[in-house]
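Before anything else, here's the structure in question.
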Amino acid sequence: MTSDRIQWHTAVADPHTGDDVVIRGYSLLELIDHVDFVSGIYLVLAGELPSPAQRRMLDALLMAAIDHGISPSSAVTRMITAAGVPIQAGVAGGLLTLGDIHGGAGEEFARFLTESVAGNQGREWSAVARDIVTAHRERKRRIPGYGHPQHPDGDPRAPRLVGIARRLGVAGDHVALALALEAAIEERSGRRIAMNIDGALSSIMLDIGLHWRHARVLCMISRTCGLCAHAVEEAVRERGWRGIPFDTVSYDGPAPRELPDAYRTPA
Amino acid sequence: MTSDRIQWHTAVADPHTGDDVVIRGYSLLELIDHVDFVSGIYLVLAGELPSPAQRRMLDALLMAAIDHGISPSSAVTRMITAAGVPIQAGVAGGLLTLGDIHGGAGEEFARFLTESVAGNQGREWSAVARDIVTAHRERKRRIPGYGHPQHPDGDPRAPRLVGIARRLGVAGDHVALALALEAAIEERSGRRIAMNIDGALSSIMLDIGLHWRHARVLCMISRTCGLCAHAVEEAVRERGWRGIPFDTVSYDGPAPRELPDAYRTPA
Amino acid sequence: MTSDRIQWHTAVADPHTGDDVVIRGYSLLELIDHVDFVSGIYLVLAGELPSPAQRRMLDALLMAAIDHGISPSSAVTRMITAAGVPIQAGVAGGLLTLGDIHGGAGEEFARFLTESVAGNQGREWSAVARDIVTAHRERKRRIPGYGHPQHPDGDPRAPRLVGIARRLGVAGDHVALALALEAAIEERSGRRIAMNIDGALSSIMLDIGLHWRHARVLCMISRTCGLCAHAVEEAVRERGWRGIPFDTVSYDGPAPRELPDAYRTPA
Amino acid sequence: MTSDRIQWHTAVADPHTGDDVVIRGYSLLELIDHVDFVSGIYLVLAGELPSPAQRRMLDALLMAAIDHGISPSSAVTRMITAAGVPIQAGVAGGLLTLGDIHGGAGEEFARFLTESVAGNQGREWSAVARDIVTAHRERKRRIPGYGHPQHPDGDPRAPRLVGIARRLGVAGDHVALALALEAAIEERSGRRIAMNIDGALSSIMLDIGLHWRHARVLCMISRTCGLCAHAVEEAVRERGWRGIPFDTVSYDGPAPRELPDAYRTPA
């Protein structure tokens, strides 16, 4: 092997080790025998095996986003699958929708929490939170991770996950700051705008040792399962090609018009 | 709700149930509290919670495909991610490669096993296997699920998974037929062409109650984790845009040539 | 350059030629100055520049599929775009739907026409067509390329394209066989099942020198334009995230049920 | 039709008009007969048919990006296609790479030019350009659209396109500001950093009446053609599944290590 041929560096896995594959230093055959899949997810993402509490927490985080019925992501998956396309392409299409708005919104919050916690070590989180709320208010910007249009009284998954994080003893600085922000928002605005699933998932995920870039990743891994279920259901149970019902569409472009004379030449 | 508005039917999940989501009849909040993620995967796919043995087996199957280092799927994910594209699009691109050849090959075998087991109830699997090998030989077709170019002595993951299936007591007719096929192939060809990971995963998966369409699905769910790890590694550790090294490309098209006169008009 | 480093062979283009790019042997700078884009499309696909009649015909074929309003492909593009995702990912998602059923159906017909024309040189196309119709009838298989659920009297784009092909003098054996099939189907079934857009596009495309694999490709190139228009319209004019209206969804899975006791362990 | 059923509004096309399709108010059948495809592209994007000069300019812009040999986008398309996946999925994967760095970079510049031209009407473009260069220098930010790592003396496609724009009389304020920026950068930095293809395409595109969001769109439409050529070439001429050569990969993760004792439980 001459080094100038190397195009790829990776610390994730090495499949060229005789009759085994190395995953982050461990034997895949041993992992298959002894380690559960959720620990394997933590291992490939974080580089190390989780503690029992980290593993149990990750279990709950992944369960929380596993499916949400017919949503933009599953509708996309089903429309592609219904068009006579292999299942992995239907699921890939659905995954594309996990962008800044739907599903992937926690990424921005996780990054912001990471920077805020790292940059304010030693201060009281309540004071940090008040500063953040004031700064956002001055720039007229919303803090992501709070409020949910469909759950005005609060997304019930968020306190459930925070409760598990506390019971497991994994809640740390990121959860603390996220809760302090919830309190500071209420203090400032006079009304409760509860932490949503993005806020809970992002803050807890950081406290079990994952990177802010893993916020969207956890949603993707979790929702891939639901999208697969939808793709199979579409293929097995539905009748194929999905048209868009005519009466759900309104054309509001130019009324029928004649081609300009300049184009009136024979083909 | 008038029924003529319905465009979507699903038995996977119902998110419109007040402050909870129903997943295959169960409360998502209770699932988060009490049920592990791998059981949740089985639930969304199969419609029921798994037995402990089914769950442990699914754990092992999902671990087996979690990553394979730099492969076509991860290379695609990394090239897309390096182009300044959100992470879910990089992973979606990688998933597209899990087609009939790479990663998704077990689907065909699982379908074939399903039909062969259903259509030969009451017969000895060794006799069924001999008939199948003979029929494939006559049509000069290869039976998928056996042999591996990189593992001439057999893919070591296959016997490991079959061993776990037996220890757990979940190996049934599909595994029995898959092993009978391995023996019949050796008997006929005079050399051992061992069951590969696709063969093991497909036969075991059917024996724990999943559908043949779930063969590719399990690879997708599992490998999504590895692809996410590669996408994050590319974003965090590499320097951005990946060019294709000049000296790995050979142009073998027409030599430089002049435009035909007919095109020599001014722009 | 040592040949063992070569991973890629291509006859399409060579960008490593000083201050120009070679496209199928021609200078890109000269192509920009002197050659229209549609001729460029023919060039990259077929390897040679088209005759004027081939170019004009390709113009018409590409126009015919440029957009079809809100369809599964544009709906997918718009849902992905609405989720806060870069435009190329929205369009890529829409392209995925051009599968065996919607948009890509002409590929199968083009392949079948290619083989039928090549294998029946010297025979009357009407006799060949009758044999094909009989063979399909015996195997109870439908011939693709004829009939359209939304156009019982015939897709009007098909005769329009065939008319242009005849006027331009490019209609050859593939169009002749496609029309003979239309007549033979009517003769056999007693009713007219007119050639549809897939049938017209596929047969004409072959007669202007393209490959059967280009049938789906022409739809993709053409519809990409429409999908881009939809993506931009969604981004500019709509309000962002698209939910699925609650009352268009029916959950028909298990009724709410209790977790089995085995799972009733604390988290 | 009751208005509360409407989920989709579009001004692009209306396919529900009897035996024709309306495209931006025009009859598709008439467009097929009388109008070339490039004018059709302008029509679906801009909403109106182009003038002859706008059409000819668009021809040149689309030709300029039609292919660049083996690049990240075509490599991705080829790896996906080689995995036994339908062609539209291979091309969709390649399109995903046209992100902020490769192919889609003109979008940011087009947006910036749009705002700068709109916000500085009545001023000399040379003075505006100097202000912009100073402002970017103070914020230590690079102005996109200038310089090319592979073309230190300037991307030759850029002056070619600007020359055509001038000959056709379509060069307007956006091209003028783009050229003024080139001069101001040279004045400030003391060396020539020539306008690149992104800069030329973006400024000219705006001057022929397109929107800044169409900058990336034009690259997508153009490159889709090249990607289709690569996908077909891969399918027709190559041998299938592409592995990643072992000696181009370096694993730099943890050395082989034992599982922690806590995991040493039987499966």
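All chains are identified by letter, namely A, B, C and D, in their written order; residue positions are counted from 1 within each chain.
Assume a contact is a pair of C-beta atoms (placed from the backbone, for glycine too) under 8 Å apart; a residue touches a chain by one contact, two chains touch by 3 or more.
Everything numeric here is computed off the predicted structure, so don't read it as measured data.
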Neighbouring chains shared between chain B and chain C, ordered by label: A, D
CA centroid of chain C to CA centroid of chain D, Å: 22
Approximate Å spacing (C-alpha centroids) for the pair chain A, chain C: 34
Rounded Å distance, chain A centre to chain D centre (Cα mean): 28
Where chain B touches two or more other chains, by residue: 5, 7-14, 16, 31-33, 35, 60, 69-71, 75, 85-86, 88-89, 92-93, 96, 98-100, 103-104, 164, 242, 244-245, 248-249, 251, 267
Chain contact topology (line, ring, star, complete or other): complete
Of chain D, residues touching chain C in the complex: 7-16, 19-21, 23, 28-29, 31-33, 35-38, 40-41, 44-45, 58-60, 62-64, 66-71, 74-75, 78, 86-89, 91-93, 95-100, 103-104, 151, 153, 156-157, 160-161, 164, 211, 213-214, 216-217, 220-222, 224-226, 228-233, 235-238, 242, 245
Footprint of chain D on chain A - complex, ascending: 1-3, 5-14, 16-17, 22, 24-27, 30-31, 33-35, 39, 47, 49, 52, 85-86, 88-89, 92, 244-257, 259-260, 262-267
Contact set on chain C toward chain A in their complex: 5, 56, 60, 69-72, 75-76, 79-80, 82-85, 89-90, 92-93, 96-104, 164, 167-168, 240-244, 248-249, 251, 267
